[in-house]
Each structure stands twice: as structure tokens, then as C-alpha cells.
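What follows is a single structure, and I will ask about it in a moment.
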Amino acid sequence: MPIVEAHILEGYAPQEKSRLTRALTDAVRFVVPAPDEAITVMLHEYPKEAYARGGEHRDPAPARPDPVALVTRYRAAMETRDLNTAEACLGEGFEMVFPASHSMKSLTELIDWAKGRYRFVKKTTEGIEAFQAGGSSIVFVRGTLAGEWPDGRPFSSIRFIDRFEVVDDRITRQDVWNDLGEVRSA
Amino acid sequence: MPIVEAHILEGYAPQEKSRLTRALTDAVRFVVPAPDEAITVMLHEYPKEAYARGGEHRDPAPARPDPVALVTRYRAAMETRDLNTAEACLGEGFEMVFPASHSMKSLTELIDWAKGRYRFVKKTTEGIEAFQAGGSSIVFVRGTLAGEWPDGRPFSSIRFIDRFEVVDDRITRQDVWNDLGEVRSA
Amino acid sequence: MPIVEAHILEGYAPQEKSRLTRALTDAVRFVVPAPDEAITVMLHEYPKEAYARGGEHRDPAPARPDPVALVTRYRAAMETRDLNTAEACLGEGFEMVFPASHSMKSLTELIDWAKGRYRFVKKTTEGIEAFQAGGSSIVFVRGTLAGEWPDGRPFSSIRFIDRFEVVDDRITRQDVWNDLGEVRSA
Amino acid sequence: MPIVEAHILEGYAPQEKSRLTRALTDAVRFVVPAPDEAITVMLHEYPKEAYARGGEHRDPAPARPDPVALVTRYRAAMETRDLNTAEACLGEGFEMVFPASHSMKSLTELIDWAKGRYRFVKKTTEGIEAFQAGGSSIVFVRGTLAGEWPDGRPFSSIRFIDRFEVVDDRITRQDVWNDLGEVRSA
Amino acid sequence: MPIVEAHILEGYAPQEKSRLTRALTDAVRFVVPAPDEAITVMLHEYPKEAYARGGEHRDPAPARPDPVALVTRYRAAMETRDLNTAEACLGEGFEMVFPASHSMKSLTELIDWAKGRYRFVKKTTEGIEAFQAGGSSIVFVRGTLAGEWPDGRPFSSIRFIDRFEVVDDRITRQDVWNDLGEVRSA
Amino acid sequence: MPIVEAHILEGYAPQEKSRLTRALTDAVRFVVPAPDEAITVMLHEYPKEAYARGGEHRDPAPARPDPVALVTRYRAAMETRDLNTAEACLGEGFEMVFPASHSMKSLTELIDWAKGRYRFVKKTTEGIEAFQAGGSSIVFVRGTLAGEWPDGRPFSSIRFIDRFEVVDDRITRQDVWNDLGEVRSA
């Protein structure tokens, strides 16, 4: 115990059902301190004609894509400066804030802003956490940065954390914090 | 649709059941893009003698306390330097990392470290997000800092984000990122 | 088989739950020719805090009153010409059609129209049937009329059927058919 | 809310399941004034070996055919005087009552009785309502009649209502009311 | 897994529900080799007005008393030769067969038959097993006998097994096997 | 009523599901004296990806083979002295006790012991009862023996009962009681 039954329309892929069972398992654990082995999740799947809301049959909505996959795609594209791919990950009204930056709306704006901060930077990911908050999926990525300062000296092991808001499989907001300023000014 | 039924033992308080229904609702939304109105959660509650696992009746585990309440208590205590209360929020093996700090184990260590960084600091909270990841509850708090530099000049609107890991109603890890270094060195 | 489980909020009276179990039983029988004994209906009732739609707890809507009770009250009031009580049974936009009448909007209009058709009439009810059709409850009442023609001769055993539409516990439409014309002209 | 789960054996056609979900939806609405969107019906279907009553597996009973289809077939046959087809729609002990008629047992009896009432008549259907009452399906058809009186004068827009009782996919009773007598004698 | 939900009317005592959950757990284990911890049984209990079969509410049948308690009472009464109490445990048509005995119908017949077989006998119970087979509960009791032969020599550790059929809280059949004959003739 | 729903993983054969539905039916009847027709059992079967325990999908455990089939195979092999087949039915630590025998561990030990008790024996089965008790399946077989005494005289209609414990599709214990000693010494 506890046991969770979720009733869904047929049509979700196995990995989507796995995501759902895991999310429901974590939801239970958030409140009930049951041992893992005691939390069971079962999905009842209904063909279209065996389900009606308001007396009408319904088509299943396609599953929300995994926001972690989207964020991973975006980050990879940014690392290789593949701006076309990265842009395609962004939703309408996208906004991003970097350490001590103003709010920026476009990737070119970001690239301009970043100039002079470092020659290049590589990210090592240490943890990704994703969850839902109302209509948005939230993805947190944290890890460390390594690269070269403008003067060519190397840096490494500088902590960062990124927060992404995802709506309809597009990133609508990115917030970035890191210790570059602390280290640079040390 | 979807509809979620969770089967739990009797004994949870209304606000604990509310936390559970909200967590299950968000778990569904993480995968299924149903309109809010279409996601229903129902809790079946069983008296002890109407539930058995392995042929044995079970006592309900007390609900996991809300980790947001714990983190809020801790942060309030730290702000007023009520170290006894703050210590009581920490679990065994507690560890914390602040911007460009080494790993610290105790609050006094933190206070020593923080000396010389600012005269005082006040936090304004803009968002709190909590979710479960395996056996830990994760709480993110983000907002802005205002205070005075060591030389008495004021600062404000400096972004921060804190990440807390909570196990068994105790904070076992705190990670802090903020823009103080960026601003100070600007 | 079949077995029907209905999940409802707590707060319905026993007779309302009886109405619901009977309506669900008939709904099943409309399609599945199971013997009566094989049709089981079970109601799961949830306290408010154990149910959420869109992440929000809900208050149970008061049960729709039995439309048969409303129609019975109205018919009794009309028979005794207690027009105040009868009026109180009618909803906005009420309309009625009697044999070969035009559409009438008020009870006084009806009484005017009926003048000259008979001195008085009594109804014997032989069957009442009620069901739901979308947002309206439909009630059919059928039976026989007895009374006196304008010239004092008696009549009896004249068939009638009334159809009522009920919305929000008010009659919004009444349609009447009977054999008075056939018999009178015979 | 409410949510209805019906457990049935496998083997029903999609349109039969649609009829069942609609009937269950209306059954709920008869008592619970929920908005349409909030009423969900789900059918669990079991293969024969996954269901037992009294320890025995059961074969699914074929669905009760839609009584509206039967009544529609019968009325079409009567309109074209295809008496063979119409007879095939009638069950044992069939009985019918027309305005001011005695109880009639056969279609030829009806045709004899109707002679002299009109030269011909066409029906325009305005509403069909069907529901279950115990072991019988009840179908109401209402609309208007148009045709010619015996003397050749035309008539039209004369209201009628027919009530059919259907048992085992056969009509066992027909009751007819209309305003022909009122109009004729006017 | 597996998970068993049983739907019953309200009114059973906690120990009756415990018997039911244990019997259901064993029923699952008879077929599915799940670890004990993975078998969950949940009882849904319905107040009378929330349950209908064939459209009618039902009163819960009182639980079948534990047949082991009945058999234990009977055996204790037989051991102390409290024949009134023992008789009260027997149902109509009661029959018993002892080693190489004919079928006997009454306790006095048994006592006559047993005379000359031993001066007295005490039973030590080593195992009791009870289960349901169709309309009868079956109880097996096995253990050893100790006592004195007619000539006064003692005996002990002689195996026995009794099989009881129980219907409506009365023993309707008892079959006894033991090794007395083997030992006596050795 | 009662109604039992069991939730299992997909992959069980129809006859295994039949065994499960029968066992669950008897489990209910052990406590609730419902008429047979009123006890319904339904199996929900889940594909692997629609079920998770502790957040992990699981493979269904193969069904426990029917212990009655195992015991029947063993008894047939013993009757024809096919010791290889019979041995293959026995589990580790197998033990058997026959009337007034010591505990025996092997079939050859049994055959030695039985020598001199009869020339041959045939069993007529009158009843087989099987059920689960914790981790063991228990099978009772009862009936009568017929054969020849060592001196060639025939015997027949001698009652016996065998009790088998079955774990993991192997017999781990056999206990035998019969009236041979009583009859022989008579």
C-alpha cells in the first residue's frame, strides 16, 4: 500500500506508460512513506468506444513528450552552437535570465551577452530533475562548468544550475545560476 | 480522463490527502496533456481490518510531513539566527554548499564562512517547488536577496536559488546559488 | 454481470442513492439482457477531501429532485385548481400544448382554453415513466379521464397521456394528448 | 464526477458499447446535476476466462438490439403497408390501442378499424425517446400527421404520440394518441 | 501483485473480515507464486443503500461462523463426554465413520462402538486446516492419541486425522482415521 | 455480492485463471454465505508496462502448477511402480509417514517397509481436496483400498486418506492413514 490505479485511453507507448507509473509512484512517496516495494501502480487502458465523457467518446491526447528529452536536445545544440536546432526548442514568449543579466528574449542576445565572459565553456551534468507544476513541466539541471577565461586561464568545477519551464514541448523560460562571478572575482 | 484511484489506509488528515491528490494530479499532467477539469483523483480509504498485505493487517505509516513546511521553518530560523531551531531541522550527515564554498557540515561553519560577504541579507521568496525523487523530497526555493555589503552599500534584487534534500522530515543537504559574486565584481 | 460502480461525493440521501442505483440498473438492462439478479450496482462515496478534479476539492451538487414528485405535485394542484402551487412548479419559458390547442404560456390561458370542453375532469393514473434525456428529465404520465361534458352527460375511461420536460426542478414544457375529441365526435 | 465503471463480458460491438455509455450517462444525470463534461463512463471488458459467477465462466448474452431500430423498421413497414415485415416485428401477445379504439391484436384488425378514418396518412417524426423499465424497453415516438380525410380534404400538422413496449426485440404493445378526433370534429 | 479487491456489504465484524482477507490471500497463493508481501487484499464495504442487485437493496447475510471454532467446541465436548453440547454441534443427517466402523448416526452409537477399544483416549492436536469446497466448509484436524488399552497398558503418539464437513454452522459429517489398529495388532 | 476483483499480470493460461477464479470464489464462500449465483470474480490483467511495483515493471511469475495434477501423477507412478517418475515428483527434504511407520525419506525405504503388509493394493479415489496454507499447497486424497493380504486372501473397501504437502511443484511430505491395521486385526 498504497495502490494507485490510473484509467487512461489506449494509445500511449510503453515508455510513456513507464513515465506515468514512475511519476505516480513518486507522487505517492511524496506523502506516504511506504517502502518502495509496497507501492503499486496499475494502468487501466480503454479503447475509445469503452470510454465516454459527457456521453461522448474521446480521442486520446498524444502524450506530453518527455521534457527532459527536450531540454537535453536544447542544451546539446547550444553547446555546439547549432542555433537552428536550439531555436526550434523554444516556445512563444521565451525568456531567459543568466547570472546578473537582464531578461533576454533570443539566443543571439544571449551570445552577445556571454561574449567577454569566457572563451568557451563545457558543462558536466550531475543531476536532472523534472516534475510538473500546473500546466508547466519544470526541469532542473545542475552540474559543473569547465572552460577558459577570456585571458586564456582555465577554470573547472564551477557549479551551475539551470531551471527550464516547458509548455507544449517547448521551452518557455530558462533561468541560470552559477558560481562564475564568485570564482572570477576571487 | 485520466482518472486516478489511490487506495490508502485510513488515518491521514485532510490536508495530507489534499497534498496527495495534488501530487497525483501533477503526476498525471506530467505525461497526459488533459485539461485540468478532466483529471480526477479519488482516494479509497480502508480501515485497518479491511486491508491486508501478505495476509496481515497493517498500521498506516504516518504521512510524510510537508517538506515545504520544514524548509520554511529552517529558513525563517536562519534569517533570525535562531540556530537551535535551525539545527533541529537538519538530519544526520547534513551537508551544504554555498557559492564557491567548500562543503560545510554545520551552521556555525556556514556563519563563519559568510562573515565578510555581507553585513546582512534578507530573502524575498518568488517561488517554491517541491517534489519527490526516490526516497528524498526535493524543495527548490528561488527569489531575490537584499542587504548591505561589508562596506555598508546596499544591494537588492540579487537572484538566488536554494535546493534542499529532505529525508524523514530532516534536511540532509542544501545547495545555494546566487548572483552575489557577479554583482559584487561588476 | 454486468456490475456497475459509480463514484460520487458523499452527501446524497438514501432515497437519492436508491434512485441512482435503479436508474443505473435500467441503463444496463437497456443494452445487456442479463437476468435482474445478475445486475449489481455499487456506489463509492467520497468525503470531500478524498476527491479532486483538476487538483481541486469539490462540493457535491445537491441531487436533482425526483421529477416525478414535481409532476405529481403539479398535477394535484391543477386538479384542485390551486394555481399558486401549480405556477410554482413551472420554469421560465414554460410552454404547453393540449389537443389541437395552440401553444400556451400560462395556466390562466389554459383554463380559458379548456372552458367549454368539459364541466370537470378527473384523472386516473395508470403509469408514470421518467428518464433523463440530456439536460432534461422527461416524465410521461398516462391513464384515463372521467368527468362531465358541458351538457352534463358523464364520460369516463377516456385515455390520456401527458409528457413533461423538467429542468432544474421546474416544468418547462407540457404536452397532452387524449381521446376526448374522438369520443365527443363519436 | 460522478464516474461510472461498468464491468461487462467481451463481445459487444462498438455501437452497443456506445448505447451503454450513453444510457449510463443519462442515468447519472437523472439524479446528479453534474455538468456533462464531468460525467465519465468507463467499460471494463473481460474475456470469458477472466470472469466467473458462482465459480463458473459465462458466455456473454448478445446485446439487446436497439429498440429504436426495431420500432423504426416497424413504422416504415406500416407506412408502406408491408405487413409481412411489420408482423415480424411483433411479439407474442401483441396488443395495440388507437384513439378510442378497443384493444386490437392484429395488423389486419387495425387496418379494418382505420378504414374510413382517412384516405392515407404520413407521419413526420419530431422526437424519439427510448429507455428501459424493468424487463421492457419503452420507445416513445411523437410528431405530426398529414394526409387526406375520407372526403378528400387534406389535413396536416396533427400531433401524435406512439408508445411501444419492446421485449426480446419484439414489439409487445403499441399505444397511439393523436388529435385527429379533435381536428375532425372542429 | 496480485491485488484483490472484494466488495461486501457493511456489517461484518473485524475478525470476520480478517478471515476473509486471509482466505483470499491463500486463494491467490494457490495459483500465483507471489511473495507474501506482494499480495494485497482490500475490502470495500457498502452501506445497504449504496448497493443494489437487480435494482433492489439487500441486507447483508450474517457471516458464516468460523467452522474451526465449531469443530473445536465439538471436540472439547466429546473429550469431556458433554454429549448435550456435542449434539448441538451436529446438523441434520449427520453421519460419522470411524476406523473400520460402519456408518453411525448418533453419538451414543459411537460411544457404544468405542467401548472395548480403549479405556480412555486424549488427543493432542498438531494441525488444523480449514477451507471451503462448494457449499461445505471442510475442517481437517490431525495429531496424536494417548490413553490406555482395555487391559490398562498405556499407549501414546498414535497418529489420527479427522475430517469434518460443516454446513450452516453444523457438522454434517465426520470421518476418522488413526493408527490404533496398526499399533494394537503390532 | 460479494464481488471480487483480482489484478494480475498478463500471461496466465485460461485454465490457470479458472483455478484462480474458483479459489477466490471458495475463499469468499468460506466467510460470506452468499448464494453461488451472487458471487462474481473478475480478473484484471495488465501488460507488463501497465503495472509497476516500487516504480519498476515486473515480469509475471509463472503460475504455480496445479498441485492436484502433481499428486495424481505421483500416485499413478507409484501404483505402477514407475519409481523414476515418482521420484521426480518429490522435493528436497521429502518425508513420508505411513500407518505406524517411522518417518521415511525414500521410495525404496517405503517399498521395503510395505513388503509383508500386502501382496498388492489398488486405490479407488473418492475425493480430492486441495487448498493453500501459507507457502504450501495441501492436497488430501481419500478413498478405499482393495488387494490381497500376504496369505492371498482378498480385501477391499478399506478406507484410506493421504495428505500431501506441495512446495514449488514438488511433494515435500506425504502422510497416510488407513484402516488396514483395523481390518487385519479384526
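Here the chain labels run A, B, C, D, E and F in written order, and each chain numbers its own residues starting at 1.
Simple rule for what comes next: contacts are C-beta pairs under 8 Å (C-beta built on N, C-alpha and C of every residue); 3 or more make two chains touch, one makes a residue touch a chain.
Note that the coordinates shown come from a computational prediction; the quantities given were computed from them, not determined experimentally.
Annotation of subunit A and subunit D: jointly contacted by B, F, touch as defined at the top. Between subunit B and subunit F, the least number of touch steps comes to 2. Among the other chains, B has the CA centre that is most remote from the centre of subunit D. For A-F, the equivalent interface among the listed pairs C-D, A-E or A-D is A-D, as over half of the contact pairs agree by residue number. Between the Cα centres of subunit B and subunit E there is a gap of 56 Å. Chain centres here are Cα means. That of subunit B falls 62 Å from that of subunit D. In subunit F, the positions touching at least two other chains are 1, 3, 7, 26, 36-38, 40, 42, 44, 51, 53. Interfaces, counted as pairs of touching chains, are A-B, A-D, A-E, A-F, B-C, B-D, B-E, C-D, C-E, C-F, D-F, E-F. Those residues of subunit E lying in contact with subunit A across their complex are 1, 3, 37-38, 40, 42. Those residues of subunit F whose C-beta lies close enough to touch subunit D in the complex are 14, 17-18, 21-22, 25-26, 35-45. Touching subunit D in their complex are the following residues of subunit C: 1-9, 12, 16, 19-20, 23-24, 26-34, 36, 38, 51, 53, 58, 61-64, 97, 99-100, 129-135, 137-138, 140, 142, 158-161, 163, 168, 175, 177-186. On subunit F, the positions that touch subunit A within their shared complex are 7, 44, 46, 49-55, 57.
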